[in-house]
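Both complexes below contain chain A, partnered by chain B and then by chain C.
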Partner chain A sequence: MNRTVQILTGIWVVGVTVAAFLWLPPAEGFRSPEAARIVVFHVPCAMLTFVAFLVNAVYSWKYLRSRDPLTDSKANAAAELGMLFAILATVTGSLFAMEQWGSAWNWDPRETSIVMLMLVYAAYFVLRGAVEEKSKRARLSAAYALLAFPAMVFLIWILPRIVESLHPTNTLFSRSGLDPKYRITLWSFFAGLLAVFVWMFRLRLRVEIAEARLRRQHRRDTMPEATPAGETR
Partner chain B sequence: MNRSSSWAHEAIAVFAKDWLLELRTRVALGAVVLFAVTSVVASGFALAPPSGVPAEVKAALLWVVIFFAAVAGLSRVFVVEEETRTADALRLAVSSTGVFAGKLAFNTVLMWTLCAITVPLYLLLLEAPLRNASLLVIVVLLGSTALACATTAVGAIVAKATMRGALFGVLSFPVALPPLLVVIHATKAAWLSDNAWRVAAGDLQVLSGFMLVIVPASVLVFEHIWSE
Partner chain C sequence: MNPLLTYMIVPLLIWAGIFGYLFWLDMRLRALEKRLEEEGHR
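Up next is the complex of A and B:
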């Protein structure tokens, strides 16, 4: 990502945020119409959580095929960002629920599914912490990510449709009660956030690569006569 | 012998070997059943009538007990291979699909045994209502099978890591949650509803669908977990 794209991303996200407060009208029909505009930030965060989860699963699958350590780092970076966006989505969602539905937590199916998603990520990080050897850690965590994937698909797409939910379905793609300006702002914010996601993802990878290089350097400095067999560990 | 029947034969051999071992030591059975009986008795003390705990709570509690009892024992089949250092021999002798199918069968039968002891005891001690016994049998059978399907591959992962006991619970929970949610709902229906079959029909479909997805997914990733 070059400098221009980064600056444009920054301007875009700031612009959309300002527009969400100045250009976007209050959402009529909600208990507190002014506060309802938080949905344009909340929904993109939730969407990115799922995007990150998908990216994690894809790289996990790729890792099992290729056994390339960088692919494992990518899967891990996606999971970390997914956790971050899950927290953001939960916090913004709770604020909305407190304002509109009267309580910060309602055990709504979508609330349940995001908590479960966070649990999966947490379990994924615990597993990564519990395996010392690098290639084994990559292999086992990739396998776990792929095992958790069908369970999450179930929780995210099937459960909210069988249990009744406070969340509306299909507001993003169909014409419904909300002002079309909401849809425009929401998708614009999603685009900006997606760019931020890509940016953070690449930063995280660079840190990972730099760390690996430092570790190699350190090993070379401390053990001058390291054998090639030692290198492969 | 063609390929498909060969892994089935291997699975049967692994299954028979694991049961033979289990019946000699009874580690997994003992852990699972004792855990379940202890928690059922403890809940019975606290929650039996006239405590007035609603049947919904009892349905959830039953499956919480079963799930945690399962966590105490379901990773055993793989952990024992690592502890006795027999995993390599097994890897040489049997295909990974054969191993997985055999271990899955073992865990399924373990779950059935657990439920056969726990559920009647629970119904007796907690005086849970029972409108539709045949539905309950089907729900328990499908639910315990689904839990075994969801957690067997996780057991294989855990066997390769450190702090296995704690890790298995943490890793199993997210994967086992969909069948747990559904099975609690169906159990409630079997206890309380007049037209329980209709209420639980969707749940039974979802349970079967879940197994149809998670078992092939497990077989696919198991190959990578199992081979060094």
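Up next is the complex of A and C:
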């Protein structure tokens, strides 16, 4: 991501954050109208969690088809970012719940499903950490990610809709769901976070590539040099 | 807690999380690049 795009992204997200305070009115009808505005920050974090795990599944599938180590690195980077956004969505959601529902944690279906989701992807990192051999690790974690993906879809899109929940459903895409000012701010913040996601993803990938180069260099340095006769010196 | 204060904490938490992660990545990348450079000279 070049410097200009980074600066524009920074200006955009700062602008949206300021607008959320100065332009967005408190939401009447909530127990705490001031704090109800938390949704414009909380929901985009939850949406980015889905996007990141979707990217993880896409690159895992690509890895199994191409066996290209770079796609495995991309899948890993996306899963790491998915976890970061899941944590942010959980923490901001708890603050919302504390103000609106009287308790930071209510074991609501969506709260429970995000905890399950984080456990599913924590197991992905445990799996990656447990296998030493690089290609085996990539293969196993890609297969696991493809199994985790339908579980993620079920936990995010289906489970909260089939049981009674404190969270409303179908508010993002229906015209009657959100006040226009809330919709504009929420989607603008999502756009800004998406740009930040791309930024973080690329930086994470550069770290993976640098680590791989260092490993290669170490292997080269520690390997005995071969003589023309095939003997080692 | 004051609802307005709770509302103010939320974006701060998000940006602290994101910039914390970016900062950690940047530090790691710099350290790796330095090591690569050092080992390249050796």
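The rule is short, and it goes like this: the second predicted complex is superposed on the first by the 222 of 233 C-alpha atoms of A that agree within 3 Å, B and C clash if a C-alpha of one lies under 4 Å from a C-alpha of the other, contacts with A are read in each partner's own complex, and residues count from 1 in each chain.
Criterion: contacts are C-beta pairs under 8 Å (C-beta built on N, C-alpha and C of every residue); 3 or more make two chains touch, one makes a residue touch a chain.
These numbers were taken from a predicted model, which means no experiment stands behind them.
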If you stack the two complexes on chain A, which partner ends up touching A:L95: first (chain B), second (chain C), both, or neither? second
Of the two partner chains, chain B (first) and chain C (second), which one does A:R204 touch, if any: first, second, both, or neither? second
With both complexes superposed on chain A, which partner does A:A212 reach: first (chain B), second (chain C), both or neither? neither
Under the stated touch criterion, which partner chain does A:I184 make contact with: chain B (first), chain C (second), both, or neither? neither
Just checking: does A:S32 make contact with chain B only, chain C only, both, or neither of them? Give me first, second, both or neither. second
Return first, second, both or neither, reflecting whether A:H42 touches chain B, chain C, both chains, or no partner chain. second
Touch test for A:I158: chain B only (first), chain C only (second), both, or neither? first
Contact set on chain B toward chain A in their complex: 150, 153-154, 157, 160-163, 167, 170-171, 173-178, 181, 202, 206, 210, 213-214, 217-218, 220-222, 224-225
Residue ranges of chain A in contact with chain C within the complex: 17, 20-21, 32-35, 37-38, 41-42, 45, 84, 87-88, 91-92, 95-96, 98-99, 196, 199-200, 203-204, 206-207, 210-211, 213-214, 217-218, 221
Give the list of chain C residues in touch with chain A in this complex. 1, 3-4, 6-11, 13-15, 17-18, 21-22, 25-26, 28-29, 32-33, 35-36, 39-40
Per the contact definition, I'd like the list of chain A residues that touch chain B in the complex. 64, 116, 119-120, 122-123, 126-127, 130-132, 136, 139-140, 142-144, 146-152, 154-155, 158-159, 162
